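Next come two complexes built around subunit A: one with subunit B, the other with subunit C.
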Partner chain A sequence: MTRYILGRVIQMVPVLFGVLLLVFSITNIIPGDPVLLMLDVKYSEKEYKEMQAYLGLDKPLYIQFYNHVKGVLKGNLGKSIRTREPVTKKILERFPSTFVLALAAMLIVVIVSIPVGVIAALKQNSKIDYICMIGAEIGISMPIFWLGIMMILLFSLYLGWLPAGGRGEPPDLLHLIMPAFCLATPYMAMTARLTRSCMLEVLRENYIVAARSRGFPEWQIVLRHALRNAMIPVVTNLGLQLSRLLGGALVIEVVFRWPGMGALAYDAIMERDYPVLMGVVLIVAVIFILVNLVVDLSYTFFDPRIRYDTRKG
Partner chain B sequence: MELYRRFKKHSMAMVGVIVLAVLVFVGIFAPFLAPKDPYQMEFGSTLSAPSLAHPMGTDHLGRDLLSRVIYGTRVSLLVGLGSVIVAAFVGGLAGLFAGYFGRFVDIIIMRILDVVWAFPPALLALALVAVWGPSLTTVIFSIGVVSVPQYARIVRASVLSVKEKDYILAARASGISRSSIMFTHVLPNILAPLIVVATLGIATSIMIEAILSFLGLGMQPPASSWGLMISEGQKYLRTFPYYSLFPGLMIMITVFAFNAFGDGLRDAWDPKLKTQ
Partner chain C sequence: MADSNILEIIDLRTHFFTDEGVVKAVDGVNLTVPEGESVGLVGESGSGKSMTAFSILRLIPDPPGKIVSGQILLRGQDLLKLPERQMRSIRGKKISMIFQEPSTSMNPSFTIGSQIEEAIRFHQEGRASDVREKALAVLRSVKIPDPRRILSQYPHELSGGMLQRVMIAIAISCEPDLLICDEPTTALDVSTQAQIITLLNELRSQRKTSFLFITHDLGVLSWICTYAAVMYAGKIVEYADIRSLIRTPRHPYTRALIGASPRLDCDRDALSSIPGTVPNLIEPPAGCRFHPRCGRAETICSSQTPSLKEEERGHWVACFTERNGDGAENA
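On to the complex of A and B.
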């Protein structure tokens, strides 16, 4: 077990290094001189040199990359070109908003899609099954930003039930409903489909037939025997979805003016504030890698066979 | 024949095929089907409601929305197809080499792709377009690049199972070169999963293009892109909701059709894949 965890952590290192290298490369091929962006319109040769040295851009690329990695490891992601504030500070300010949004969306996914998937599987090929699966197909096909706009139109502009954007002062639940629902929609659809297919597979297993022949009540078979086993891929998939939700929140945050990391990245693109954009991209990728690691390790908890395999190896 | 019979039984997939056929027809013959020039502005009739003259109404510059939606089909299909070709070609080759040669080649290729995989596709595509500058070509390439790992993974997994088959062993025993085995024996046998992923991938690419254009980093005005139209329409949501409504419906229909078609192909080719 320890060997497996250690192996997975060691495997993660080159990928993290690659992520840093890719983000650094993108930042360096962006057209335009970052030194000029930091200076006033009128500047002297001396000022240019000083700013170049201050930003560390007078050194060769590999030294710049080394310093960049060193900085990132210390939690320093550079400074915003526009506001001169540290990027880390800006991201830390916005991260809680995105996290709350992603968590609320995940909650909706779990509450809605798992029961829907289970019911669809139990009533396979019935009207309910078809309605659920067509609903899921539509949910996957709908552009979430468009769904957001249509919900604003209906619930904010026409009916006036929900606020059209922002987080509220102080933040409240009403502002969270629409963005969380929109963000959750495609993941609800995917999870419902996955739950259904996993349930169908498990319901065909011999131990379910055995449980039925021993006369256990149906609810007990479904909840205690089938669902527990069908949930292994669903739960691990939910973990991965949470990390994707953090990245996918960008467009929803823009539509609903939700003050999170996605909106920060969008503003950074519009203002050509590339250190901020790359900071957000880097953080989201690192979160994805870490969540992936946790999900992989959770497999060993849910499925003991993985542990045995490594012990043998 | 067996494949077609199984595919035909998938009613949702058949709907998908019909819708796709219509969309491709509309895309190809857009100049003949569009009632007006999509770029022609009529300042006398801006934001007018649907009527006989303008079945979907007009936009803020008085351009006919139906014509713009029809021309938008071209952009979406072009981006969807183009980026999938880029991704399937690069990802396919990477997966083929990784799976066939294994060991170091496999480790290096797959770790590089793990790096790309770590980024949310839309966010990385957004960063790439921000760097390269928004245009049809950069949108296609950016979406293509972020989709590469998906294709490489599928192809690699298929190659790993195909290369253990007896006919590959026989080919090796008869002294055929490695590259010849790879391209003439392995590749044709892994095309099925590749085509399925590509079909579903077109839907994802169309969605990412819509997101990029909506955020102002995809197709640029005055192009007729559905994502861009939704974004422009958002400003007139209260007074003229049709502006955002129709392009969004078109994205939904197109993505739905590609997904249904892809699901049908997958189930027809290999029913075992259905549960994965």
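On to the complex of A and C.
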């Protein structure tokens, strides 16, 4: 097991290097010059050169990349072009907000969609099943930025129940409700549908009939014998979704002015603050890889047929 | 037949309501299992054997299946009239079942021990340590080597034969009165089959459990059963003790079935086969359901349905051509 984890961590190195290279290339390919953004509208050639040298952008690209990688290895993600603050500090400030948002959304997904999926499977082809699945269809179909705007219109402007944006001072649950729910919506829908189909498949298995033949009550068969086996693909999917939630958080954070890493990345793109952008992407990539590792390890709990070490049984 | 019957099935009809029509999988089955005996239920695939077994435990998937009429008497108590709650205390406790494919009939996510203990704990009171001892005892009684180690293993770590022993252990763990075996040896290789049959025979003589043994293998049937019923297209066509059924089969279908089975003691170049296929059970042939495939069919066979009649003492047959002058009756 330890060997397996170690192997996976070593695998992270080339992946992260690739991520760094990719983001560095993209920031240099897309139009927009950070130097110009830092200068007055009227500037001289000399001022431009000075600013370029100050930001370290006068050197050849490979040197810039080399310096960047060297910094990352030392734990230094560089300084913001705009504010000259260390990127690490900016990210650390914003990370808890995104973490809370993603976690809340994930909790909503798990708490709502797994029971919904199970109930829909148990009542297959009933009215409840149809309502759940039509709801899921709508949830998948709506773009979350649109849903966010509609929710702000309804709950903040029209009904005045919930705050339209921000995290509150100090941060409170009321501000979390709309962004978390909105972020969770497409994932809830997908997870509910997946849970339903996995559950239907498992309920047809021979071991379920065998469990029934032993006289166990239906709830025991569903919750103990079926759910655990049906959860294997659902957990895989939740893991992938948790990573994708971070991407969705970017949009949601902008819509709800949620002060997280997504909003930070958005502002960084708008301001051509490339060190900040590269830092955020790198951290998101690290989280993505770690989450996937945790998901892979969690299989051993759900499915005893999976073992990561070659111990003889 | 014996004086006391543990199980008596009277005119059981189990139908499946599908989009194509009503599939009459079990259509008027009468069958008795005498106390302490082993009754075989034999027939081709799709003849309704397994559905009869599932009907006894009321495990027919509903929808689309439904037991539309009949009685299933366990020591005189009609199981079809019991509320679901009471029925659950019959399943696994009074009637147990073992299945065709041991590898898919065990839950892959739980250890063997937890699955055996779950069954024991559900039907019997007892402390955790007693339950564990009981689990070890049943594993020993099905002759599993190193039972303590097996308890902590998962189904995928065991062979098919071992898993079938575990299935049998679970089935007998609550000392049922009746054990239904649904082709328990079909998925196993021949030498393992022999071991499992021997084990079942031993358990039957030790524990006085009655068996309903479903198979399509006449060899297995004659090895383990004292009585046998032949099923064709949802109906029982012949019922007798195993010796007279194998030696003097009366129904043309039974004869054909025996003719189609390989035997070691006679030298034959080719096995005979039964012409045609099992009929469509949505619209079964009128009259005797076997008549389109029967070499001895008469006019009456295609218009009227023969019912099961005791032609000789203890030998019941549903066939007009076997009857001497008592004519037909409408069924």
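Convention: the second predicted complex is superposed on the first by the 252 of 313 C-alpha atoms of A that agree within 3 Å, B and C clash if a C-alpha of one lies under 4 Å from a C-alpha of the other, contacts with A are read in each partner's own complex, and residues count from 1 in each chain.
Just so it is clear, contacts are C-beta pairs under 8 Å (C-beta built on N, C-alpha and C of every residue); 3 or more make two chains touch, one makes a residue touch a chain.
These numbers come from a predicted model, not from an experiment.
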Partner chain(s) touched by A:R212 [first = subunit B, second = subunit C, both, neither]: second
Just to be sure I read the superposition right, which of the two partners does A:N229 touch: subunit B = first, subunit C = second, or both, or neither? second
Partner, of subunit C and subunit B, that touches more residues belonging to subunit A: B
Touching partner for A:I152 - first (subunit B), second (subunit C), both, neither: first
If you stack the two complexes on chain A, which partner ends up touching A:T195: first (subunit B), second (subunit C), both, or neither? neither
Can A:S80 be said to touch subunit B (first), subunit C (second), both, or neither? neither
Please indicate which partner A:I26 is in contact with in the superposed arrangement: first for subunit B, second for subunit C, both, or neither. first
Within their complex, state which residues of subunit B touch subunit A. 12, 111-112, 114-116, 118-120, 122-124, 126-128, 130-131, 133, 203, 207, 210-211, 214-217, 227, 230, 233-234, 237-238, 241, 244-245, 247-248, 251-253, 255-256, 259-260, 274-275
What residues of subunit A sit close enough to touch subunit C in their complex? 205-207, 209-217, 225, 228-229, 302-305, 313
Of all residues in subunit C, those that touch subunit A in their complex: 57, 59, 88-93, 96-97, 99, 101, 104-109, 111, 118-119, 122-123, 153-154, 156-157, 167, 170
Give every residue of subunit A touching subunit B within the complex, in rising order. 14-15, 18-19, 21-22, 26, 29-31, 134, 137-138, 140-143, 145-146, 149-150, 152-153, 157, 197-198, 200-201, 244, 246-248, 250-251, 254-255, 265-266, 269-270, 274, 277-278, 280-281, 284-286, 288-289, 292
